[in-house]
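These notes are about the structure you will find just below.
Going in written order, the chains are labelled A, B, C, D and E, and every chain counts its residues from 1.
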Amino acid sequence: MLESVVWPWLILLLPLAAFVTHTLCGAMKWKLPHKGDWLSTGAIGAGAVLSTFLFADMVSRGEPNFRQTWSVDWLSILWKGDDGQLHTRFALPMGFLVDNITVIMLVVVTWVSTLVHVFSMGYMHDDPRYGRFFSYLSIFSFSMIWLVLSDNLFGLMIGWELVGLSSYLLIGFWFEKPAAAAACKKAFITNRVGDLGMLIGILMLLSMTLRPILDDTSLPIEQKNPLSYENVFRVVSAGSYEVKSGDVFPISFLTVAGIFLFFGAVGKSAQFPLHVWLPDAMEGPTPVSALIHAATMVAAGVYMVTRCYRLFTPDALLFIAYTGGFTAIFAATIAVTANDIKKVLAYSTVSQLGFMVLGLGCWGYSAGFFHLWTHAFFKALLFLGSGAVIHALHSQDMREMGGLRHKLPITFVCMLIATCAISGFPPLSGFWSKDQILGAVLTFAMEHPQHALLPIFGFCGAALTAFYMFRLIFLTFCGKPRDPHKYEHAHPDQWDVITAPLAVLAILTLFSAGGTLSGERWFGDFVNEEQVLGPREEAPGGGERHRWHVQRTVLFPSGALVEEAQPLDDQNPLVALHAEGREEARKEHEHTEHKAHTWAMVLSVCVAVGGALVSYFTYMVPFFSPQVWATRLLWLYDGMVNKWWIDELYDRWVIQPLLLLNDFLKSFDEDWVDGFVNMTAQFTVHFSDYSGWVDNTYVDGLVNGTADTIVSSARAMRSIQTGNIKQYLAAAVIGLTVVVVLYNVIL
Amino acid sequence: MTTLTSALYHAAFYADMVLTVGSACVVAFSKNIVRSAFSLLLTFVGVAGLYGFLEADFLVATQLLIYVGGILVLLLFAVMLTHRISNIKASNETSFSALAALAATGIFLVLVEVGTKTHWDVKGGPLGESTRPIGLLLMGDYLLPFEVAAMILLAALIGAAYLARNAIRK
Amino acid sequence: MSHILSLITFIPLLGMLVILCLPRHQKDWIRFVSVFSTALPLALSISLFLDFENGSKGMQFVENCDWIRIPDYKLRIQYKLGVDGVSMPLVLLTGILSFLAVFASWETTKGVKAYFALLLLLETGMMGVFCSLDFFLFYVFWEVMLLPMYFLIGIWGGPRKEYAAIKFFLYTLFGSVLLLLAMLAFYFHAKENPNVLDPMDAFDLVRLADANVRLTFTGLFWQVVFVAMFIGFAIKVPVFPFHTWLPDAHVEAPTAISVILAGVLLKMGVYGLLRLSLPILPEAAAWFAPFMAALGLINIVYGALVAMAQTDLKKMVAYSSVSHMGFCLVGMAANTEAAMMGAAFQMFTHGLTSAMLFLLVGVIYDRAHHRVIKDFGGLAFQMPVYTGITTLAFMASLGLPGLCNFVSEALVLLGSFDAYRTTTIISATGIIFGAGYFLWCFQRVFMGPAKERYSMMPDVNGRELFTLVPLGALVVFLGVWPRAMLDTMTVSLKNVQDAVASATRGG
Amino acid sequence: MSLLDAYPLQHYLLVSAALFALGIFTLVARKNAVAMLMGVELILNSANLNFVAFSRYTVGNFSGHLFAIFVILLAAAEAAVALGIVIGIFQNYGDVDADALDGLKG
Amino acid sequence: MSPTALALVQDLRLFLPEVILVLTTLLVIVLDVTPVRKSHRALLYLTFCGLLLSGIYLLRHYVDLRESGGRASSSNVLLFGNSIALDPFAVYFKGLFLLVGLLTGVLSIRYKKLNPAGEGEYCVLLLCSTLGLFLMVGSRTLLMAYLGLELVSIPSFVLAGFQRDSRLSNEAALKYTIYGAIASGIMLYGMSLLFGLAGSLDFAAIRHALEGQTELRASPLLLSVSMLMILAGFGYKIACVPFHMWCPDVYEGAPTPITAFLSVGPKAAGFGVILRFFYQSLSTHSGGGDWTPIVDQLQWPIVLSVLSVATMTVGNLAAVAQTSLKRLMAYSSIAHAGYLLMGVVVLSKDGIFAILFYLAVYVFMNFGAFLFVVFLHDLVGSEDIEGCRGLGWRAPFPCIAMAICLFSLTGLPPLGGFIGKFYLFLGVIGRELYWLAILGVLNSVVSLVYYARVVKAMFLENIPRGEAEPLPVPFFYSAAFAVLVAPILLLGVYWAPLVKLARYSSSIFGA
C-alpha cells in the first residue's frame, strides 16, 4: 500500500477538509453537532490509522530505503517555444516524498495529534470557542503533515510557515489574556527570524543548484525543481555546482548555507538563542503545548536537519552540535528553578531538543531522530499529564501543589513513567535514545579531543534533566499538599477522555524504543544515513567519485572527514592510498564507537540516577535545602531564575533599539525625506503658506530653503509692482538699457 | 553763397540746435508746469527749424500747424483744466529724479554711442521740394496708412469725446 | 478587430456622462448606474482573461487606428490598444477593484453625483493606461487619472485632505513632466534616425521595443532618459525618497479611494517600468539595475521599519505598501525569470491584499471614527468575522504560504539571490519586520481584554462582506494555485527579461 | 551748395538723442501727468527728427517724411485721448499726481 | 482711372473683411447718434453681425487662398503698395481676432459695470481695435505695424478707462496710455534707426538691405539697439519682461471683458507682428522651414529666449501671491507670453506653428477664465479668489468649466492647453534648447500652484455640510461656458484639424 499516493493524500487532506468545514460553518453560522469536535478528531484519527498501516507496511517489507515520490507542477515558468513545445527553465513543482523518516514522522504526528484531540475534548470542554479550537488543531495537523510529506525545500518552507501560523493561532487562542497575545506574537516573530535564516540557506542552495538545471533542456518539468531534495543532494554531492566567484566567505559556501538552513531549525526547535518564544508559548492551552510545543512542531527543526543531513558539511555539523549541546544544558539550568509546571516542561523541551540537535551534530544521524521519536511520546505525556493536573487544580504553580498522587493516581503513574523515560532510566524508551545520542557525542569527542566540551554538555544536561524532572514529580505529587484549599477542591482522576490518552501515551513511552530491551538499533535499521539519503560514495552522474578523507577545515584544524571530488581513476595511486586510509579510518572509528557506547551507557545511567537522587535528597528528604543552595550559589541561582536575562537582553539590545530606530525613521521620514523632497518641489509648503495651511509647515517640519525662496520671491514680485507708473517706466527703460549693454558686452 | 551768409547759416543752425535742446531741458527740469508748456512750444519750433535745415518744407508746416497749433494747445488745455487757477505755479514737482536721471543718462549714452559709432552710408543729395511728392504718395502707395490714420483719429475723437463728455459736464 | 478593450476603457466614461445627466438628488439611480458601468467592464475583463491566449507572444485584442496624423510634422499618434501578459492581469485587477470601490463608497453622502462621476472617470483613466500601446495615449490616460484623484482626495478626504491632495498632485505631475520629456526624446531620436525608426512610429510602444530599434538607444543620453522615466514612475510606485505623498494621500483619502490608490495606482509605476523602461531601454535598464535593486531594498526595509512606528492604522498599512512595492523593484532589477515573475505577480497580489487591508481599515473607521492603533483592543470579541478576515489579510500581507503574496515575494527572493546576494538577504529581513508590525498591530487592536467603549460595535455587514469576500477568495485561490495567473504572464515577461538579459550580456 | 559736409548727420542724431533722453527724464521724474505727456511729445519729436534726417541723408526718398507726418497725426490723437483720461483722473482724484495713482498694485 | 488707382480698387476687394468692419463702425456711430429708441445691447448685437459678416468674407479669402495654390507664396498677395499682406498667416490671425471680438462682446452682454449710455462708443472702439489687430498682423512695413499698433492701442486706452466714474478704471487707463505712449515712442526711435540703416520701411526690403551688406557697416550696437527698441513696442503689447509692468494694473482696473480682450487680442497680434518682423526682416530662411539670424552679430533669439524665461518666471512667481482673480489672470497671461516667446526663438516653422496652435486654444481658455470672472462678479459680487470658496458646490457647471480652463492653462492632458504646450516644447526641444525646455516645464509646474489654488477654493474649501444651496445660474452663462469649454476638451482629444489649419497658416514661413 505504500505505492499508492492516495494514502498520503488522504492523511494530508482529511484535516484540511475538517478545517474548511469548520471555517465555512463558522462563517455561515451553521451549528455542527458537538461543535464539530468529532470532525477534527475523526479526520486525524483516520490519518493515524492510515499512517499506522504505512508504518506496518514499511516494517514488514524490511526495505529500509524505500522511497516514493509524486508531484504536481505547481509553479513553473513555461513558455511556448518556436517549435510549439512548452519550455521551462525553472519550475517549482509540489510533491510528496514518502520514505522511512516520513512514515515515522507521520506516525508521530498523527498519533500524538489524535490523542491530543481526544484529550482536548475533555480539557477544553467548557471553553466558549471549543469548535474553533478544533478547527485550529486541524489546520495544524494539515500543516505539519504537509511539512513532513513535502519532497522539496520550498514545500518544506511552506509547511514550516503554516505550522508557525497554527502555532500563532493556538498560542493566542485565549487572546483576551495580554500575556497570550504577547506570546503568540513573540512566537511568530521569533520563528520568522529563524525562517529568514532558513530562507537564506535555501537561496544559497538554490544558487548552487539552479544553473545546472536551468540549462539542461532534457529534464522533464518534474525534475526541473532546483529545490527538490533529490536535486539538491545530487548537485551537492556531485560537487557540480558553481559558486559565484568573489565570495568573501572564508569558509566554504556550502557550510554557510548549511548553517543558515540550520538557523530555521534554531527558530522552530527553540535552540539557543531563539529559544525564548517556547516558554512563553505555554500561555496557550495545555493540549496545544503537548502537541505543538513538545511533540511535533518543535521537532520539525530536528526533522529538517535529518532530512537535509547530506547538505551539512562537517563544519556546519560542528556548529549544529555546539548549538544543541549548549541549548541542552542551558535550558536545563533554567528548568531547575522554574516553579510553573508548564514552564519546567517547556525548558525541558528546549533542553531535549538540544539533545537531539547535539546528537545530529555529532554524526549521530539515527540517534537524534530516534530521540525525536521517543521524546514525542513521553513529552506529550508529560504535558498532557500536567494538563490533567491543571485541569484538576486550576493552578500551574508547583508551589501550590503537592501530594496529588492520592487524588490523581492515574496521572501520577503515567507521569512517573514519562519522567523515568526522560531521565534516561533503562529500559524505558528515553534511555535508549538518549544513550545513542550520548554515545555518538562521546565517540565524536574521543576522535576529536578538542571538542570534549560536547560530552560534558551532554552528560551534565542529562543529570540536570533527571534532577528537575524528579523535582517536578516530587513537588507535584509527593509530600503534603502545600495549598490544602486547592487540594480539597481538585477533581479526582477517573477514566475519561483526559486520562485515556495518558495511558495510551504511557504505553507508547514504554515500548516505542522497540520490542527488545537489548538496545539493539532497530531504529537505526530504518533510519540510517546511507539508506535514507543514499550512499555517500555513489555519486550519480559519473565521471567523478567522492571520497572521504581527512582534511583540515576551519573548525577542525586537526582534520575532519571530508568528502572531495576525485577523478575516477583507480590507477591513481592517490586514490588507492585514500581508499586504504579510509578503510583504516573506518575500522578505527568503529572501534572507538563501540568503546564510547559502552561508556556512555554506564555514565548516562549514573548521571540519571545521580540527578534523581539529588532531587530526592533535596525535595523529599530535606538533606539539602534548596534555599541554602540558592543563597550559597547566588549568582548561579539568579541567572537561573531570571532565565539568564536573555529576554531582558533582547529587549534592551534588540527590541528597544529597533523601536527607537523605527521612531527615528518615522520622524526622519516625516521631517527630512518629506522635507527634502518638498525642497525640490517646494510648492506644497509655500502653497500652504498662502492658503492658510500654515499648520502644515511645521508638520512637514522642513528645512526648506527653496520654499522660502519662492515665497519671498513671490512677495518680492509683488512689492516691485508698486503701482507707480513712473517706476514702471523707469524699469522698462533701465531694463532696456541693461539688456542692450549686456547684449553688447556679452555677445 | 557768401561767407557771411554761410556763417549766419551756421550760426542759425547751431542756435536752433541749442534752442531745441535747451528748451527741452526747460521742459524737463522746470518747476513750473506752465513754463514747461511754453518751453515745449520752443522745442517744437526748434524742431521745425531743424526740419527746415533738412529741407523738409512740408514737415515744417505740419510741425507748426499740428504740434504748435494742435497738440500744444491741447496740453495747455489740460494744464488749465487740471489745475485750479490758484495753485497753477506750484504744481510741477519731481520725484524719483535720481532714477529718472539714471534711466535718461543710460539711454542717452547708448544712443550717442549708436549715432556716433555707426558708419552711416550718407549718399543722398537734397530731396528738393517735398509737398507735391508727399501729396502724391499719400494718394498712392500710402493711401492705406492715410485711411488708417483717419480711422485712428476717428477712434480717438470718439474716445476722447466719451471720456471728456461727462467730465466736462460735471 | 475586437473592440473589447475600447469597451472596457470607455464604458465607465459613458457611465460618467449618464450620471452627469441625472439630477443630483436621485442618489439611488446614480449608484445604480455606477454599479452597472463598473460591472460591465469587470465582466468584460473576466472574459478577456478567459479568452487570453497564454502561450502566444505579442499583443492580443489589439485595436489600432490613427488618432492624429500630421505627415509634414512626421507625427503620428495612434489610438492603439492591446494587452499582453503584463497588462492583462492589471486590467482585471482594475475591473475588480473599481467594481468593489463602488460598493465601498455606497454610504457616501456628500456630493454623491460628483463622487461617482469622478470615480468612473478614474476607472477610464486607469484602464486606458493599462491598455494603451501608444506612448502619447498612455501619457494622456496617465494624466486623466490625476484630476479625479485630486478631487476625490481633496473633497471627500479626511481632515488634512487639501494638503494630501495637492501633495499627491504635485508629485505626480512632476513625475509626468519627466515622462513627457522622455517621450519627446524618442520622437526626436526617430526624427534624426528615420532609417532606424520611422518618426511616425515614434510613439508606438511595440515598435519602440523592437529589437532593431532599441539597439540604437545606447549611451549616456538614454541613460538620462531612463532615469527621467524611472523617476516619473518611481513617484507612482512610490520609491524612496519619493514616497512621502503616499502616507498622506492614503490617510486622508476615503476608503474606496485608498483601495484604488493602493490597489491600482501604485501598480502603474511598476507597470510603466515593465512596459516602457525595461523593454525599450534595456541597456540603460541593465546599467541602472543595481541602483534599482538598492532602492527596492531601501523601500522594503525602510518602509517596514517606518510602518512599525506608526500609530495610525491606515498609515501603517500605507507604509506597508511602500515596503511591499520594494519587492517589485528588486525583482525587476534582478531580471531572472523567477524574479520578474515575482515582480509582476506581486503587482497583482499586492493589489488584492492592500485593497483588502484598506477596506478593513475603512470598516473599523466607520465604526470607531478613529484609527489610533493603541486605542483599540479586544475587538476580536465584538467582531469575530471581521477579525477572521483581518487575520487573513494580515497573514497574506506578511507573506504566509498558501496566500498569494507569499508566492510573489518568494519568487522575487528566489530569483534575485543569484544576481544580488546581499540585497536579497537584507530584503528578506522585510518579512520579519512585516510580521512584526502586522502582528503587533493585530495584538493591539484585536487581542487583549475587550473594551467597554467598543462593546456595541457591530460586526461587518453584508455590503462590506460583499467587498471583502471576493478579494479574500482570490487571495486564497491564487495562493493555492498561482499558475492561474502566472501562466498568462510568462511569455510576455520572458520577452522583457530576454531584452534586458541580452543587453546585460552585450554590455 | 551741399551742406552735407557742413552739418554731419550726427548733429541731428545728437539732438534727437538728447530730446529722447530728456523725454524719458520728464516721464520718469515728473509727478504731473500732463508734464509726463509733454515728455511723450519730446520722445516723438526725437524720433521724427531721426526719420527726417535719415530720409535726407541716407535714404534719399520721402518715406521718412511720411512716417513723420503719420507720427505727428497720431501724436495728436494720442494727446486727445490722454487729455480725456487726465481730465477723468482729475475729476476722480482732484489731482493729476502720477505718484498718487497706486490703487492698482502688487 | 490711373493704373495705380485701378490696382487700389482691386486691392479693396481683397480687403473686404476690414472694409466691413469700418462700415459697421460707421453704422454704429450713425445709429448711436440717431434718436431712435434702441433695445438693450442692440448696438452690441449689430457689432456681432458686423464681425460675423466680416468672418464670412474672411472665410472666402481663406478658401480662395487655398484654391489658388495651397502654399501661397507671400509675394503675390501684397495689397496697397506692399504695405499689407493677405496671406494664410494673416487670415488665421484675423479669424482669431474676430473670435476675440465676438467673445469680448459676449462677455460684455452681462457685464454690469458697463455704462449703458456708452454702448455705442464701446462698440465703435471695440471694432476699431479689432480692425487695428487686423492691420497689425497683415503689416509688411514698419509704418503699417506702427499704425496698426496705434489703432489697437488708442481705442484700448479708452476702453480700459471706460468706467469713467471708477477710480481704478481711470488709473488703469492713464497707466496704460502713458506706458503705451512711451513704448511706441521707444519703438519709433528704434524704427528710425533701422530705417536709417536699411533705407526702407518694408520688411522684405530691410532684409535685402541687411543681406546685401557684405561688410557690415552698421555696428552690431546699432542693430541690437534698434532691434531692442522696436521690441519694446511689440513687447509691451505682448507684456514681456521688462515691458510687462503695466499689465497687471491695467488688467485689474479695466472692465473685465476688456481685460479678456487685452489679454488675448493685442497679445496675439503682437506675436503676429513679432513673427513677421523678426522672421521677414531679421532672419534668412535656410531651407526646410528653418531660419537663421540675418547677420551673425544679431543673435536676437538668445535675447528673446532670456526674456522668455524671465517673463514666464516673473509671471508665474508673481501670480502665486495674488488674491484677486483678475490680477492672477493678468500674471498668468504674462507667463503665457513667456511660453509663447519660446516658439519665436526656435527659428523654425515648427515654433511658429506651435504659437499659432497655442494661441487658438489660448483664446478659449482665457476667455473661459474671464467669463468666470464676469460670472463671479455678476452673481457673487466679487472678483477675488475668496469669492470662489465653495462655489463649486453651489454652481457646479461654471466651476467645472473654470477648472477645465485653468487646468488647460496649466497644460494638463487631455485638454487643449496640453497639446499646445506639447507642440511648443516639441519645437524647443527640436532645436535642442534643453535649458529653455526645462525652465519652461518647471514654470508650468509652478503655474499649477496658483491655478490649483483657485480650483481648490472652488471645490475643496468651505464645503457645505449638507445639501448646498444652489446658485441660480442664468442660461446665458451655462451656454457661454459650454461654448468655450467644448473646444478645449475637443482639442484635447482631436486636434488634427486645427493642426492642419495652423500648419497651413505657418506655411508662409517655409514649407
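Please note the rule applied: a residue touches a chain if its C-beta (ideal position, glycine included) is under 8 Å from a C-beta of that chain, and two chains touch if they have at least 3 such contacts.
Computed from a predicted model, the values in this text were never measured in an experiment.
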| item | value |
| --- | --- |
| Chain hops separating subunit D from subunit C, counting only touching neighbours | 2 |
| Subunit C and subunit B - chains in contact with each | A, E |
| Other chains in touch with both subunit A and subunit B | D, E |
| Chain nearest the overall Cα centroid | C |
| Best-connected chain pair, where connection means C-beta pairs in contact | B-D |
| Whole-Å gap between the CA centroids of subunit B and subunit E | 32 |
| Intercentroid distance (Cα basis), subunit E paired with subunit D, Å | 27 |
| Distance between the centres, which are taken as Cα means, of subunit C and subunit A, whole angstrom | 36 |
| Cα-centroid distance, subunit B relative to subunit D, in whole angstrom | 6 |
| Where subunit E touches two or more other chains, by residue | 143, 147, 150, 154, 157-158, 161, 164-165, 173-175, 178, 182, 186, 189, 193, 196-197, 199, 221, 225, 248-249, 321-322, 445, 448-449, 452, 456 |
| Residues of subunit A engaged with two or more neighbouring chains | 681, 683, 687, 691, 718, 721, 723, 725-727, 729-730, 733-734, 736, 740 |
| Residues of subunit D engaged with two or more neighbouring chains | 16, 20, 23-24, 27-31, 33, 36-37, 39, 48, 53, 57-60, 66, 70, 74, 77-78, 81-82, 84-86, 88, 98-99, 101, 103-106 |
| Listing of all chain pairs that touch each other, if any do | A-B, A-C, A-D, A-E, B-D, B-E, C-E, D-E |
| Contact footprint of subunit E on subunit A as seen in their complex | 681, 683, 686-687, 690-691, 710, 713-715, 717-718, 720-721, 723, 725, 727-729, 731-736, 739-740, 743-744, 747 |
| Residue ranges of subunit E in contact with subunit A within the complex | 174-175, 178-179, 182-183, 186, 220-221, 224-225, 228-229, 232, 236, 241-243, 245-246, 248-249, 297, 299, 302-303, 307, 314, 317-318, 320-322, 445-446, 448-449, 452-453, 456-457 |
| Residues on subunit E engaged by subunit B in the complex (per definition of touch) | 4, 8, 22, 25, 29, 79-84, 118, 121, 124-125, 128-129, 131, 135, 143-144, 147-148, 150-151, 154-155, 157-158, 161-162, 164-165, 173, 189, 193, 196-197, 199, 217-219, 221-222, 225-226 |
| In the complex, subunit D residues that touch subunit E | 16, 20, 23-24, 27, 33, 36-37, 39-40, 43-44, 46-48, 50-51, 53-54, 57-60, 63-64, 66-67, 70-71, 74, 77-78, 81-82, 84-86, 88-89, 92-93, 98, 101, 103-106 |
| Residue numbers on subunit B that touch subunit E, as the complex places them | 110-111, 113-114, 117-121, 140-145, 148-149, 151-152, 154-156, 158-163, 166-167 |
